[in-house]
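What follows is chain A paired twice: with chain B in the first complex and chain C in the second.
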Partner chain A sequence: MSGLPGFLIDDRLHFPSCPSQGGQRFLVEMAAPLTLLLVLAVTIRAALFRSSLAELIAERVEVVSPITAWKRVVEGLALLDLGVSPYSGDVFHELADVITAVALYMAVKDYNKQVFRKQKFALEADRYPLDCLELIRSPKEMYYIPLKVAMFYLLNPFTILSCVAKSTCGLNNAVVALFIFSTIKGNTLLSAIFLCLATYQSIYPLTLCAPAMLYLMQRQYIPVNFRRASFWWFIAQYLFMYLGSLFVLICLSFFLLGSWDYMPSVYGFILSVPDLTPNIGLFWYFFAEMFEHFRLFFLCVFQINVFFYTIPLSVKLKEHPVFLIFMQLAVISIFKSYPTVGDIALYMAFLPVWSHLYRFLRNTFLVSCVLLACSTLFPVLWHLWIYAGSANSNFYYAITLLFNVAQILLVSDYFYAFLRREHHLTYGLYLKRKDGSEATLVLK
Partner chain B sequence: HYAAAQKQAEPAVLQPTPQPKDDFQEELVVRPLHSGDIYASFQFRTLWETDFMRGNKVSHYRLFPKSLGQVISKFSVRELHISFTQGYWRTMQWGQPYLPSPPGAELWVWFQDSVTDVDATWKELTNVLSGIFCASLNFIDSTNTVQPSASFKPLGIGNVTDHRFLRYATLPREIVCTENLTPWKKLLPCGSKAGLAVLLKSEKLFHSSFHSQAVHIRPVCQDWQCKTTSWELRQTLNVVFDLHNSGQGKREWSLFKMFSRTLTEACPLASSSKIYIDITDNPEQFELSPATSLLSQAMVLGDRRTFSVYDLTQQDTFGSVRSLNLLIRWKSTEGDMLRPLLHAERYVAGYGLQTGEIHTLMYNHHPYRSFPVLLLDSVPWYLRLYIHTLTVTSKGKDNKPSYIHYQPSKDRVRPHLLEMLVQLPPNSVTEVTVQFERALLKWTEYTPDPNHGFYVGSSVISSLVPSTVAMDTNSTRERPLFSSFFPCKEESSYFVRVYTEPLLVNLPTPDFSMPYNVICLTCTVVAVGYGSLYNLLTRSFQIEEPSPGLAKRIANVIRKMRGVPPL
Partner chain C sequence: MGLLSDPNRRRALINLLTRLNAPICVVCYMAGVAWFMGLAFEPFTLRTYMSENAMGSTMVEERFPSGERAVATGREFAAHKKKVSGMPVEWLVKTMQARGLEVYTQRFSRTLPFPDENKERYMVKGTNVYGILRAPRAPRTEALVLSAPCTPGDNNNQAVGLLLGLAQYFRNQIYWAKDIIFLVNDHDLIGMQAWLEGYHHTNTTGMDWSPLQGRGGSIQAALSLELSSDVVTSMDLVLEGLNGQLPNLDLANLFYAFCQKIGVLCTIQGKLQRNDWDSVSGYSHAVQTMMLMVMKQASGRPWGDHGLFLRYHIEAATIKGINSFRQYKTDATTIGRLLEGMYRKLNNLLERLHQSYFFYLMPSLSHFVSIGYYMPAFGLLAVILLLRALDLWVQLATPPPTTEDGIADIEQVRHAHSSSPGVLSVLTPLVISHLTGAALYMLPIRFQEMAVEHFPVSETEAVVLTAIAVYTLLTIIGTEQGWRVLKLVALLYLAVLLGCTALINFSLGFILALTLVPAAAFVTPHVPKVLSAFVLVILSPACTLLFSVFFFQELQEMPVSFLDGWLLYLSVISQGILDHFLYGSLVYPLIALLVYPCWLLFWNILFWK
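Here is the complex of A and B:
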């Protein structure tokens, strides 16, 4: 009985509901540490911007890819008007990071409130078996999670490097974070608009449509059932808003630029992978060594691979759309055509939200060691290949493979832990076999 | 300029015939260079008064080669300039060449404005020329063809200046050898059997520091009122023999030493056949034998030069032995070379295989005049230029070009084209730098020897250079004052084209032995992702029952068959 939360009264669990005053006090109490965190994050970035490392970092292929490199944005601007001095814009990138952090902070705070409420209703309905009370989450443990999320994002070396390199990834992350925030807040229109903006920049956030729709339907108490008219009606509404804003954006770009050239050059670039500059992803070396005959086939396979997990994951995780968002973001970051460390930082920022799954994770040591080792080996082997000439491309490629395997392991580990916790919440934590001895769970 | 020189020396002889008139002239200019090397420049000119364009079917070719005539009429070519060069012209040691050419092959063509699809015509033309000259010009495609807007204006008459009809391509990797010389010689009316072409033997010509052969076709005016036009075909061959390689270290050259042949007769079809020896540097410095009394003066490349002339159409040139072997002997090695006013260099800076910087240096050696130059740079698409890093500095200060035409590249479709008009201050060095990034190519796009590097074609610097003799008051002292105020048109400036070195740039390479391995490994990683997610999506948690031992399992199978409950 020890280790249970201290408000067990009459064999039933009581949680104090959060009145609005308490909520405001909560907000004020949390604002101070958050502001401190923001100031610290901006200071680190500003210091790095002014140092000589900024140029070095801006050239690293792990941090910038052909679609996010600021150098190419400047080049584009310079081509538009030869003679205009390029815009340096440090503040612009720091602001993007701050927006992402604040949006994630507020989104996670709101999500925590939702989790509490659901848990309270489930407890009152006696849906949890009694021996899994350890798995119930308490306000105390969840108090610091939003701050931790903001901290994980802002102080992540990957994010800092991305910001200092002036990669446009920070901007992409900001838009996705705003989309998550507006979805969790329940604002359908804003969610559709931000998702449309995110899709407009790179096509892959299209897969986030499904979790957004599932979450909003859950929030509006629309049952997820194919036979119900309200389900289809909501989907139609959301898709109309989404496609409508996408259409408006595309027409706007057409009128601003005067031609359709940007569509094949942006989306064609992302989908057909013409640029084989090395990065931390799987595409570049694969297509550098591909036989011409099979190039189109494998291109389609790899691109479909990113979109392919949406429907199965949505079916499995339809009750848990926020975890689905996390899974989708991870899948996009690993399998997209030009990944950078900034994309990884976005889904890693979510890890504190699932900190209660820690006891079911199986590979933490392995994954963290591999990720750390690969992050340090990337610049070393790049230098050996490109500058020292004593290694060749295979060395860098090997580390890329290892890094991606570690990420896949991390994501599947969290998925396993999540499903296991759900299983225990339904069937009880301490399971016994038929003969009464301690049972082990396996996936069959 | 040489046409002007010839007309000064002797009136051109045109033999009127009832057929469309054609005329053939040949000449050889020998210029001893200050470093002890010797520069020989052959020019063969065929003038033909005919009109390929207006639908007359030309079927009778006399002096003009049939293959080129058919090319001009089929592809509606207005001007064609093709050159094959081996070696790099060292401007600072040798001065300016009469006809500049970049290392490798260079082809530029102006099409008539009746052509509707210039790109398709260009493609066919390059393939046909590749066959005519036995060269691999079929490597010319859209990835190394550009349309310069200002640097290559038509050299013949014509009023089409829309640069949509101009195509320029260069193949710096092209090697010139006997296979290219033979079809080139076949285009001459006398072949290599009579006249000056007898000297063109490949074993000596290719054993030289510089060898360049070119074909230039353009329309020219027939008379000064330009009522009729004729086609001019010029075949030029420039060769520089090295003092130590071919000259055995002795400053003594003869036709036999240079070409291992002597001359016995002029080409019977030629209206004029002459040899010019440049004796300007110091007439007492050289000893020419057999001596000649014919002298000629001409303005060449901004400088007044004096030439000794040997006329091969005159029988007495050959003397009693009926063969002409010119001997040029140096008597002293003193004397200054006239420093070329415009000179350029180019190199790649930086280290590593990720980025680099192209530096182009342009030298203006004129003591007091600045002049503008047009710089044309064509960089392949796999060196991604960052044009916002372009800097032009002269004498340490920023020098903004007054005209920049930049066409960005498209991956695998077209190269970068950069054209700039830069004003070079007097007595200075102007440096143009631009940063680039090296791309990783698909493994099939590398040449068979990928670590040799990739060639970037020479930059072309075109300019009207003011002549140093224009302000020399010595030459104007005898002239009346009313004509000597403004610099005389013919002496004030001359056209110069300078080619820089081609660059050799290394690109990062993938491992060429590993395509199958890479495909397997990457697909394995994707499969690992797919596998783990598939497991978690399709399987559910169940309590594990320990599996019984082997004996028990077999027993259970037998019991099942018997219909008895298992153990």
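Here is the complex of A and C:
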């Protein structure tokens, strides 16, 4: 404790989310901006819903994909002969966005509390090198992060577009956000149920199983050790809850529909990618061009991308499951078969949580320029291709590729920055070579 | 990827780029302009060639015999037109029916947002007449269009005569595999708009028209015929359509091939082909031709009746007969044979024209510059914006040598945090300049009636004056440091905006970049105010348009005095606004809603306190 500057100790004492009299004040102080934010976000959406833009947006391929298009949901419901659907109003979609934002807000608030607590213990145990003090996070900067997360989600143009298009992506995001919330709160059962719901909607959230289990084990002080019985017991417990609820859901769908037809037409549709409508993903162009007899092979290669990264990432990030969740969400939204901008919005909402990594990011300028340019070029090239007929699909796919490369760069940049900070926290900020000169870290 | 991950090399590159930023920008600008001027130099261009297989070899025989009769029909049409002082609908219907076509008419009416003083029209009512020649050899799923506008005065009578003559001749041939629609449209573009909207069941501009009673198949290609006088010495090809869209290059190739075959003098932009590309005058001729195309394309308006077809994915061009007082005359039979040959080739098409280029510039009819050659010229200009943005980014981040590797003094970090400008200081100018832009877009039409009530001005003038009044409005917002962030945002905004514009309409993007990029690059609050304000006004979109008007007149070899030029400038603005409301041209909203606010941002930066 000897090397600690005064401000850090002071700030810690006044950390507003401490469960003391500060908590009350904190609630009042933070609830007002959050409410304002929610009202603003809902107003923007409501205004857009009433405008003529709504129809236009609902047709954009960047915003809706075959599995998230609201038109298809309505069609499906009509086929089921349910009469007027209770979900057809726009309020429903606004509500989904609000739920996502609030869940993320609470989750991040809780997570920050834990991060701070952990940092405090580490500081008291003198675990950090002395020159790393500037890397230590102060409550002041952490104070507004939950609000920023909610803001990043609600005011992100991608989310707004997705909501106005009534894409069901907003619902998926809400379920995933609830899953994250219940996981961070440490509720094993709810976590498994929400994860199962998310998996039920679109298979990919399956990979979030690993970070969820890692997090819950960390929370219950179960060591990640293959030789311990408690480790296996926990995994068995979680998987039982997860698979059990999945089983219940699938059986329910079976009894509702009376046949197993929905399995191939939902999961087969996601996995075998029969609909090659252009979107912002990597699949459509590739599979439109490919010879039919290579299809299965490349389908496996493409789909394995989503699932495969789980293993190395879980090994590397087993101490930091929440960052792992962020990475997984990004990987899913990049490599899934029918991605839309709504998926991107979900992982982008997490960017403020990692704002302390900002100094280690190297390609912010490049990535933000490319993402910005691509987002505006999508509609322009779509217009040139489909309406003017002067450009062709290659132009559009080129932008898709660039967009995804930028996303990958963004994610890998964050990954690098995160690992680098951890490295500095163990080895000190000012690295020296053996001969005493200043060293730089090079990623090769 | 070494550059992305190796901090040492990155630092070296970034140091180089920031240290030499200004010289690199100047070099890029010069290189961009030089590249563009080099495009017209013949060794750097490609020869045109026919890409479409179905139209490959010129194996059709043109036998159209009755040019004289067509001219006589034209005279008859002129007489009837004079009698009813407008479109002689009944006569046309009768004549077309006599030639064995299925004839239909379409009525339309449209009230302009304000009176058009160039063409002297306000409440437009008219009738289109069209006859369909059904294809004897195919299931009638595809069609071709030949149109001739019925214009007031003696202008285009011969074209209608030739159209009717061709209809009669085509009717007797058996090889047609596509329906051929002969259309005489009233009130030129307005009539064409009504007919196309009726044909495709769309209504994008809120016009009133009666639905079409008869249809052919989906239209594959269209030609519009204009013969400005009875004596024709050369044929001119007009390609520029709405929003700078061009038809497939194969259509131009087809025209050129048949002109060569039949021996008709053919021009583009009214300029003949020259062979002395290595001489100075030959090169400047090519530059002139290309610049004319660039100016016309940048204007975003349809330069012939074909311009509206392009929106519906139909390849179309206008063929104009021009009297340039040469010895050699082209008679109606020859023009008829030219058209017959082109239609027979188009009749052979198995799919839409798509093999050749859609993005091109033509320095002469036999040479073209494709997108791959002209885009670098724009790219060199756009990269200046990115370089300036990079420079600002590096300045905004804490001192470069330490931050690059993520390690910086804590004081510097704190300093950077405390002085980083809030979102509001950037958002306010952004919102205000966009609101001004929206005002520029809305006010001219909204307030024209009000202005007419209070001032003794004509309505068009009222519109234009309102537009200019909004334009010269000054907005100065002074707060502390944050201009760098604002400039960074403005630079990226401009780069994306110009990039998108150049993709849709290269010429417009390039001309805007030519003036806006230097303005964007040099503006800071620390340059001499009065001088830079003057330069900034000179480089504003409005002045760009003014210069373009004079330049265009100069290129057409019709120089105007300043006063005439000013009047022309006013009429160009009102035409631009009319084009937007009548046909959906995007140039006016683009300038008003996006480019002008972007320029205002730089204006704000100049007057930052």
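Definition applied: the second predicted complex is superposed on the first by the 418 of 444 C-alpha atoms of A that agree within 3 Å, B and C clash if a C-alpha of one lies under 4 Å from a C-alpha of the other, contacts with A are read in each partner's own complex, and residues count from 1 in each chain.
The working rule: a residue touches a chain if its C-beta (ideal position, glycine included) is under 8 Å from a C-beta of that chain, and two chains touch if they have at least 3 such contacts.
What you are looking at is a predicted structure, and each value in this text was computed from that prediction instead of being measured.
Participant: With both complexes overlaid on chain A, does A:373 touch chain B (first), chain C (second), both or neither?
Facilitator: Only chain C is touched by A:373; chain B is not.
Participant: Give one of first, second, both or neither to describe whether A:253 is in contact with chain B, with chain C, with both, or with none.
Facilitator: neither
Participant: Which partner does A:404 contact after superposing on A: first (chain B), second (chain C), both, neither?
Facilitator: Touch partner of A:404: chain B, not chain C.
Participant: With the two complexes superposed on chain A, say which partner A:387 touches: chain B (first), chain C (second), both, or neither.
Facilitator: In the superposition, A:387 touches chain B and chain C alike.
Participant: Quick one: is A:429 in contact with chain B, with chain C, with both, or with neither? Answer first, second, both or neither.
Facilitator: It touches chain C, and chain B stays clear.
Participant: Looking at the overlay, what does A:420 touch: chain B (first), chain C (second), both, or neither?
Facilitator: So A:420 meets both chain B and chain C here.
Participant: In the superposed model, which partner reaches more residues of chain A, chain B or chain C?
Facilitator: B
Participant: Indicate the residue numbers of chain A shared between its chain B interface and its chain C interface, in ascending order.
Facilitator: 387, 389, 409, 420, 440-444
Participant: Sort out for me which residues of chain C touch chain A in the complex.
Facilitator: 4-8, 10, 245-246, 310-311, 313, 352, 354, 358-359, 386, 389-390, 393, 403, 405-408, 410, 413, 492, 495-496, 499-500, 503-504
Participant: Write out the stretch or stretches of chain A touching chain B in their complex.
Facilitator: 59, 71, 74-75, 77-79, 82, 86, 274-278, 282, 284-292, 298, 302, 305, 309, 312-313, 316, 334-335, 385-387, 389, 392-394, 397, 401, 404-405, 408-409, 412, 415-416, 419-420, 423, 431, 433-434, 439-444
Participant: Using the touch rule from the top, collect the residues of chain A that touch chain C in their complex.
Facilitator: 133-134, 359-360, 362-363, 365-366, 369, 372-373, 376-377, 380-381, 383-384, 387-391, 409, 420, 429-430, 440-444
Participant: Which part of chain B faces chain A closely enough to touch in the complex?
Facilitator: Chain B residues touching chain A: 351-355, 386-388, 404, 406, 408, 411-412, 439-444, 508-511, 514-515, 518-519, 521-522, 525-526, 528-530, 532-533, 535-537, 539-545.
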